[in-house]
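The two complexes that follow have subunit A in common; it is paired with subunit B in the first and with subunit C in the second.
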Partner chain A sequence: MKNKAKQKQIAIKILATIFSFLIFGLLWEMLVRFSDVGRVMPGPLETLQSFFEHFTEKYSAYTLPEHVWRSLRRVLTGYFFAAIAAIALGILMASYKTIDAIVSPLFNMVRPIPPVAWIPLAILWFGINDGSKYFLIFWASFLSMVQNVYAGTKSADPKLIGAAKMLGANDGHIFLTIVLPSAVPYIFSGLQLGINSAWAMAIGSEMIRSTDGVGWLIIRGMDNNNLLQELVGILAVGIVGFALASVLRGVEAKLCRWNKRGT
Partner chain B sequence: MSMEQERDLTKRQMIVCDHVSKTFYTKNTETKVIADLNITANENEFLVLFGPGQCGKTTALNVMAGLETATSGTVTVGNEIVTKPGPERGFVYQTTALFPWYTVMKNVEYGPRARGMSKKERRKKAQYYIDLVGLGGFENSFPNQLSGGMQQRVGIARAYCNEPAVLFMDEPFGHLDAQTRYLMQEEIIRIWEKERRTVVFVTNNIEEAVYLADRVIVLTNCPTRVKKEFIIDLPRPRNYTDDKFLNLRAEIQDVVDKTL
Partner chain C sequence: MDKKRLKYFVISCTSVIVFLGIWYLCTAVLELVRPTSLPDPVTVVKTFFYKLTHKAPDGATLMQHMYSSLRVALMGYALSLIIGIPLGILMAWSKPIDLLASPVFDFVKAIPGLAWAPMMIILMGIGIASKGVTIFISGMIPCVLNAYVGIKQTKEVHLWVARTFGATRRQMLFKVAIPTALPYIITGARVSLGACWMTIVAAEMVASSSGLGYMIQQCRGIYRPDVIIVGMLTIGFLGSLLTALLGCIERALVKGRDYEK
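Presenting the complex of A and B:
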């Protein structure tokens, strides 16, 4: 009984998704066909066709998947180091009052500055090519992750820590078995925020100066007045961003089976 | 006086609260919660601290367990003065304090694991206590998959698994429905008769106090002190509707009414 109800729910969800895409596509198509918009803007079918054609056809030197891969590589490298740094700093700040007192004022000053504001300096420091991009991606995702790791590390229930102490656990064991597991759901929502920022920053930095990547694709489309290329780029950005977030959610669900967020 | 009690009197004192007081200080206020508490619990005795809500019973228990420090006075468990939490004392919490990210097995074996017992040994021990509390088959369930009563069983097994000399229980059945509560009262006595320990059990339910205790200590309102002490000399298993049971209950009720 329960299984059937669940299946039904999933079926409804899938149908609703298809329905919403159909409505959106239909409105878009109608707008293109029956208004002046059509003179400059391609419709959804044309966009999809071009999207799939460029799996083999090249934009400049690379096909669409190759451009995506180039952006992705930048994102994953910057993001990987940002995640490690953010988790380390967040835990240190939450665990040691001295570190917190020293780092917090500086961090709170820097945090509200949008990462894009650092683009000129990043280029000055790390060069116009991939160096500055790695840095910007690192920085953008790092900033959005630290806070969550910090909050997560602080979130451990004092009652559970008391219970662990009553059972004879020392501080190190409490950190590993109580503090860290309590922080995991927070860390994961930080990682989600981080991957979004990293992806956004990758596209942004590629728009500034690049010869490949999806950001380049979109900005070159604009330069050449090629709206179709822009739309294909945007579609690719959306799909990849969605995929990245889904992968993270999947990992979290596996790791946090005990948590309601995870199930 | 029965033979059994006579033997009880010769028993070793396991817990001694000596002129314990506790005051909580905040910025502008100080709240005296425990006035002057003198309590002893004998080895393997089931002692119930009974008092009205908010009277400071839980604080008293926390101080005895080492989760809070006394403002003055000392608590001795065994031969040691209590200053901080430690595995010689087990604690069962009011609401579940299980580790939600661990399965039943991992919760129960937590203490032995923290103290470095080998996996094989601690698994065996944990399995024994899981079976003892009647949760065999649920070893791999997570706490949020269990009912309230089952969660408290895990809490009891976890406290027992460390093999502490004394067990503190802070209204462990307070959040259960009436039916489950009766069942758990029977269960805790069954477990205790099998694995004797000194138990200090806090409750605000008279019936529960009389059903469980060797001795009931009635506490006054906040700041609390000992009001009166009752020895419950009834054979187990006890019957809630037995005349003697009801008489004792009324007697205690009488004292409590005067406290309020």
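Presenting the complex of A and C:
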């Protein structure tokens, strides 16, 4: 009986989703058809058609999936190293006061600067090619992760640590069995934030200077007054962003089953 | 205890001084780095004071750039608060709206705000309107999201109590749900402010003729990292200032609520 109710709920949700996108498409179509916007802006069907056509057709040198892959490769590389660095530094800062005292003031000086503001300097330092993009993606996701790791490591219950110490546990043992488990949920929300900023940064840096990638697609659309190409780019950005977030959420749900945060 | 705190304070100060010292040593004394990629700290300070009054090399003084960025950012921010918060509340409160709006919103949420900038520029030109709308979109998302989550946090029991005492649905929303959601809404406003500030800088770098983002982007082209660093620090400083201001408003609001009781 309960199962049936659940099934019904899922069915309603799927229907509503389809309906929701249909209404959105209809509004878009009406906007294009009955207003001046239509002179420059393509409708939803045209956009979708072009989107699928470019799975085989090329924008300059690459097809759409190849552009997506190029952006994605930058994101995943930068993000991977940023995650390692952020987890290591966050845990070190939270565990050793001296390291905290050394790093925190420097960190607090640069933290208020939005990562996009680093683009010009990064280009001067690492050139206009992939070097600067790896740096920017690394930096953007690192900044958004490190604080969560720090907060997570600090969140361990001091009473538990005290009890463990009294019973003769050494530092390594305390870290592995008390500090780390309580930090993991925070680390995961940091990883979520990090992938969002990494993806946004990839688009941003590609928009400023590049020769391929989804950000390039969007900006080249602007340069050529080609809104169709831009919309296809935005659609791709949305789909990939959504997929990245969903994958991480899935991993978190699998790994941290004991601590399910409502999302 | 105090002695310990003093010790860490000294370590922090030393850390900053050592950092600046290494920077100075590598650039001005040993000249390991070309001044076209990293200037020495003294030059940066000099450039800051120079930019306060001079228009070279990018066409406007620092104040003019700041004014231009702040104006657009705050306009977009205000718009995103005014539309985003009620929209979030509405989506959480009404089941049909939730079912219809959430899927599209979830998709739009996944698109970084600045990806809209080029499209808005085509539709509205490179002036204030296009940037304002881009900022509005990126600022609205956290507002909606937090207001939505906040309203959903309302405890069923509280609603039942309200209903038992004969509250209308409207009263339940304004007297029970929204007060519960207020801390979340405020968090949303804070996140949104950061998003707006980041987006204005990015949008100005993509296409613009003034603003701090424009300034640093122009100075990259002419190899003036000193102006870039001045710009970055100004952006960071203004960002913190805005967040601090919001904190003050927040505290005033919360205090007002306590006083009411």
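In this text, the second predicted complex is superposed on the first by the 250 of 263 C-alpha atoms of A that agree within 3 Å, B and C clash if a C-alpha of one lies under 4 Å from a C-alpha of the other, contacts with A are read in each partner's own complex, and residues count from 1 in each chain.
We adopt the following convention: contacts are C-beta pairs under 8 Å (C-beta built on N, C-alpha and C of every residue); 3 or more make two chains touch, one makes a residue touch a chain.
All of these numbers come straight from a predicted model, not from anything done at the bench.
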Worksheet entry | subunit B versus subunit C as contact partner of A:177, first or second or both or neither | first
Worksheet item: Can A:162 be said to touch subunit B (first), subunit C (second), both, or neither?
Response: first
Fill in: More subunit A residues in contact [subunit B versus subunit C]
C
Worksheet, complete the sentence: Overlap of subunit B and subunit C contacts on subunit A, residues none
Worksheet entry | Contact footprint of subunit A on subunit B as seen in their complex | 65-67, 84-87, 89-91, 93, 97, 99-102, 110-111, 114-115, 142-144, 158, 162
Worksheet item: Quick one: in the complex, what on subunit C touches subunit A?
Response: 8-9, 11-13, 15-16, 19, 36-38, 99-104, 106-108, 110-119, 121-123, 194, 197-198, 201-202, 205-207, 212-213, 216-217, 219-220, 223, 225, 228-229, 231-233, 235-237, 239-240, 243
Worksheet item: Which positions of subunit A touch subunit C when the two form their complex?
Response: 12-13, 16-17, 19-21, 23-24, 37, 40-41, 97-98, 100-106, 109-121, 123-125, 196, 199-200, 203-204, 207-208, 215, 218-219, 221-222, 225, 227, 230-231, 233-234, 237-239, 241-242, 245
Practice prompt. Spell out the residues on subunit A that touch subunit B in their complex, using ranges where they run on.
Written response: 159-160, 162-170, 173, 177-178, 181, 184, 256-260
